[in-house]
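What follows is a pair of complexes built around chain A, which joins chain B in one and chain C in the other.
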Partner chain A sequence: MFMYIIKRLFYMALAFLLVSIVTFGLMKAAPGTFLINTQMLGGVQAATDLNIPPQLMNSFIKEFHLNSPWYVQYWFYLKGFVTLHFGYSIEYPSLPTMSLIKRTFPLTLGLAFSATVVGTIVSIVLGVIAAVKEHTWVDSTTMFIATLGTAIPSYVTAIVLMLVFGVWWRILPILGFQGIQHYILPVAALVIPVVGSMSRYMRNSLIESLHSDYIVSVYAKGGGMRQAVFGHALRNSLLPLITVVGPQLAGLLMGTVIIENLFGLPGMGQVFANAAQQKDYPLIMVSTLLYAVVIMVMNLLVDLTYGGLDPRIRKIGYVQGR
Partner chain B sequence: MAPLLEISNLSVRFHSDKAEVFAVNGLDLSLDTGKAIAIVGESGSGKSTVMMAVMRLLQSNASITGQVKLDGTDVLQLPEKAMRRLRGKEMAMVFQNAGSSMNPTKTIGDQMIEPMLFHHMASARDARQVAVKLLHQVGIPDPEERLNNYPFEFSGGQLQRVMIAMALIADPKLLIADEPTTALDVTVQAEVLILLKKLQRERGMGLVFVTHDLAVAAQVADDIYVMYGGFVMERIAASELTTHLVHPYLRGLVQSIPKIDGPRTELPYIPGQPISITGGLPDGCVFASRCDKRFVKCHERPRHISISQQHSVSCWLAEGGVEQA
Partner chain C sequence: MAKGMTIAKSALAALTLTGTLSAFAVTASAAPSSSSGSFSMYIIGDKRGFSPDIYTWSLYADSLGIFEGLVHNSDKGVVPGIATSWSTSKNGKVWTFHLRHNAKFSNGDAVTAQDFVFGFQQAFNPNTAVKDGGGMDATAFLPVVNGVEVAAGTKSPSTLGVKAVNNYTFQIMLTRKDPTLIQDLTLPAMGWAVPLDPKVVNSMSATDWTTPSKIVSDGPYMVSSFTPNTSATLVPNPYYFNKVKLKKITLNYTASSTGLVDFENGALDMAIINPSDIKAVDSNPTLKSELHFFPTAAQYTLDVAPSQNNALLNPLVRKALMMSINRDLISKDVLQGTGTPAYDYMTPTWLDPWIKKNAIPYDPTEAKALLAQAGYPGGKGFPTLSINVGVGSTPDLVAEAIQQMWQQNLGITVKYNGMPASQFYSTYNNPITSGVAFRQNASNVVYPQLELPTSVVAFLNTGVGQDWTAPYLPMNIYTQWQKVIANKSMPPKLQQEQAANILIHNLPKSILQWIRLGVKAYNTNNTALMKQFFYMQEEQVFDLPIYTPLQPVLIRSNVHGYKANSFLLTTPPVWFNDITVS
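Let's turn to the complex of A and B:
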């Protein structure tokens, strides 16, 4: 298990490096700069034309190493992020990026985390119900509703939820953030599309487990459906499910960007989207890397759960024939 | 004394969208307490299906008719709940592939004690004590520690021993072993066979041994049932197997066992393919199409004819006591 974690951590570091290089490259390759995008027509020369003092411009260039070669710039971003010296961004020059993140990130993280937990639990419950009632109307109805949830994009779901619970019934708030009840609709909007695919996955995985030889053994020992599902098959069918939870997490976290916008939540998503639009290099780097780290940590947790559930992974690090 | 297991006129059919499969067609079988029988046949002969029908573990697309009496009770008439009380306690099963028949993510201890827990026979703690004793009996060293190991930490032969111990934990009267040694190599196979036979004698259990290997059947069983196409072709005492056999199919099987000594000759075999039991059965003898002794009468289905108390055969050649040496 120890070697397994070390190996995972090593891969994480590698992935982090790749993400940072790709982000940096894409960011630099995209046309336009912060100055152009803020209607300043770009460049030091243009700035002088717009009566920005050269000293200010120069200190600006110096702070963000804009005249240095790309690898120096990259190095400063990377070093800054790893040592948690986020500095200031171009868009919010008076607010340390660290405070900006502290103010907005917990909300986003909370949103993504609760959506993951709720989504996984709901998917498991629906999947188990459908699998146990395989090929009955219960199965087909559950799976039909689940598919519907996936087919409709989350922003449409969000608007329907807002309309039903916020406007017609007036039981849940739809805008802003002043407490836990403000989480309910955004989490629901995030979870519904995910549940569609994950519960289907859970169903198929559980059905497959229920048809394996060791389940026949359970029945041969005098067990019933309950012992077969909860004593044996459920745990084993979680293993493939967990493998797909990882990639779903990335989607969920990115989904928060849209959902935060729709529900007017003051989260990291807006900061992230704005930074990309404004070509705010330092903020793009910091927020992208932060999202990347969150996704990687969640994936690590998923992998550790995997090891916890499957003794073969825990003890020998791999599963034969899989 | 009434037999422990008495099967009469058992038929099993599987229904699928395409066709009906005639897996078992009117089978009679009886097993006395403390005796061992073997069901021998090729793949698809219905030998495993018979025992799965006895345990009532077949899929829902199977329809079973006939009688399966365990200690005088027809288990085919029992509701599922009553059936569950028998499984694992009165009759237990050892499967062919121990590797896939044990849950890979639970310790063998947890899996072994399940029959006792399911039947409320003991607490988990007491059941583990029984499990330790049994593991010791089947020859697993350090049973107390091994109880906490997972199936993948055992070799194939050891795992099969664990399966046998698991089947015996609730002290069943009837043990069904479905090709328990097929997946093992020959030396390990012999050890497991000797172990099974020993345990069966010590405990006075009835043992049904399902196998495709005639030699193995002859070693383990008192009586041998040879199946083909879902019918019993011949029932014969193991001691008379090579000397008194009647059915051409059984003769073919015996002759196709390779011999180690003597001059190397071409191995005799039964020509043709095993009969397809999907869709329907021929009117005559199911083996007729591959039989070298076939004659006009084989267009009719032969009766099962008793030759002696322990010997009966489904072949027209046996009619009127004709015995072809």
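Let's turn to the complex of A and C:
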């Protein structure tokens, strides 16, 4: 297992380097400048020259190595991230980037984790119902709704939720973050598309288990459906589901960018989107790499958990270094 | 534009409305007997905090009642602020302001003339911008003695022409007579400076401007919470000399795309909605009664782009193109009522209604005749014309409509060339290699007197002046001019002289005559000459003004005293403390 982890960490380091190079390259290749602030407002494209005085421009050039060769700039960003010396960014010159992350990232992570947990639980429940009632109207209806959830993007779901719960019924807030109730609709908007795909995984996996020989043995020994599902099949059926939780979390983390903007949540997703829009080079690098690291770590944890739950992986995969 | 105009192309930003814009007032109910109620609104915001001396979106919130200067706007026009009265010297160059004795900062310290001296020095000092990490507050609109030199860093802030005669008498020394000084003092990011408590500000770091407990201001409201890019909360300044009307104001920065649902949910009492939401609002009688259309300081305009082909340098061609654009149709149909025709880049009709007098009419027949006269009968032989625009997630419908109008009315080939805003701005000055082109521009309108050129050289070194004039150079000269302005190693003064010289010696005479007319109007403070300057621009069609955006804004019916500040793009109220909620 130790070798397995070492190997995975090595791949992660490679992926991290690749992400950093691609991000840096795209960021520098994209047209535009941080010297002009643009924003679309009520159908009007607003843009202002930030009127940066030469003295401040010189300090930016010095601080962010803007006149240095590309590899010097790249190394500056990479070293800063790896050593956790994030410094300041162009858009937030008066706020250390580390403070900005501490202030915003917990909200984003909380949003993604909550959506993952809620999404997984709901998916298991729906998947079990659909599998147990295989080929009945219950199965068809559940899966139709699940497919609908997958097909509709989270920003559309968000608007519908805002309309129903925020405008028509007025029972939930839809703007800002002043307490846990401000989490409900954003989490729901993220969860619905996730449930669509994960509940199908759960259903198919459980149906496969329920059709296995060992379940026939359960029935042969006088066991009922309840015992077959909850006593034997469910545990085995959860394993494939766990493999998709990692990628789902990654998707949810990126999904928060739109959701945070729609609900006016002060999270990292909004910072990330603004950094890209305003060509804030230091912040683009830090936020992208941070997202990359979190996603890679989550995938690693999921894989390790998978190994922990499945003795076959533990005994074969680790021994062979796979 | 003149006087050191620093907001470049497409600057749609700032300014506060003064004068008599009662047409944009929503209601005018009596104030409640005690401070009560809360008000939640959308306003554009950013992350640099509330320093009143750097150029940020938050500066607008500062100017609406977090800080208070000598005078401020209100629903009644310009009214005394910290100054209770003022007078000018015989030559009009020295202004003396008498300050109220009971004005206090939010920490309880008295507001004195020395605080104004310090505040003005901070605003003009480029080191303030360096320290606070933002662009300079463009106070160069004010012709204060040594203002230009202090802003350029060549003179010490202590040489600035401001003086505390005693604790409550403040003087401003000007380089020239300025009859519009009082209204100019209300323009944030243009001519605005506020008193600052030196004891507090000298010990502040840049971070402190984002920390509400560290911000000390003298307006009716003070900042009690701030989340960058998300929201801020304002509460009454306990030491304010007058009654503060609301208990809480919430500024939301993130509701531009969901304004309608945020308004219906009750999260916002004032929201900007998307033009596409207007039909939905119109179908609801309550919402419809709460919808207002406020004009803005922006003017959607098409500028000539530099090109090898000189077809657009012919005034007949430009006039033909202008005549074949139906601005009324664009405003009513394409923009669904969220625009009104514009007739000049710098003078919107809501501020300068006289500009409409010489408007070039929509006349496709005459347009065809003019194009034929220019050598392109039926559009034959005319090069492919591109319309370059910066767009967001949706295409520029106005540019697309103009494309169709030109093709149908003139028989020429027109290409719509929408590109991401960042790409558009970064390639804005690049010469067109094939055909000819117009590029979308949008002004940042201020009072017309402030738009006049102060001198030919100064005008030709402003962003706006360069955008307008440089494309009229022959291409080899344009390239030469571009090299000069891109030369970072050249001393700024020499660079400006060389760049201006190239333009002066190579621009068409009509453009130089026009600039000189503007300089004359500026030097003589002559209103008739000023109007002539703008009329001439309109007649010569140096650019193609299309429309002034009307911002669709929902304001809750129980909100009173909201007069929109049309100099600001998000049209917030002119003064927070005019607002009451019943």
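In the analysis below, the second predicted complex is superposed on the first by the 294 of 322 C-alpha atoms of A that agree within 3 Å, B and C clash if a C-alpha of one lies under 4 Å from a C-alpha of the other, contacts with A are read in each partner's own complex, and residues count from 1 in each chain.
As a convention for this text, contacts are C-beta pairs under 8 Å (C-beta built on N, C-alpha and C of every residue); 3 or more make two chains touch, one makes a residue touch a chain.
Keep in mind that this is a model prediction, so the values were computed, not measured.
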item: Partner chain in contact with A:222 - chain B first, chain C second, else both or neither; value: first
item: Partner chain(s) touched by A:236 [first = chain B, second = chain C, both, neither]; value: first
item: Which superposed partner A:143 touches (first chain B, second chain C, both, neither); value: neither
item: Which of chain B and chain C A:176 touches, first, second, both or neither; value: second
item: Touched partner set for A:94, first chain B, second chain C, both or neither; value: second
item: On chain A, the residue positions that both chain B and chain C contact, one per complex; value: none
item: Residues of chain C touching chain A in the complex; value: 6-13, 44, 46-49, 55, 57, 126-127, 129-130, 132-136, 138, 153, 205-210, 227-231, 252-259, 261-262, 264-268, 272-275, 296, 298, 335, 338, 390-393, 420-423, 425-427, 442, 444, 463, 492, 549, 551-552, 569-570
item: Chain A - residues contacting chain B, complex; value: 212-214, 216-224, 227, 231-232, 235-236, 239, 309-312, 315-316, 320
item: Of chain A, residues touching chain C in the complex; value: 30-33, 36-56, 59, 88, 91-96, 100, 159, 162-163, 166-167, 170, 173-177, 261-262, 264-266, 270-271, 274, 277, 279
item: List of chain B residues in touch with chain A within their complex; value: 55, 57, 84-89, 92-93, 95, 97, 100-106, 111, 114-115, 118-119, 150, 152-153, 166, 170
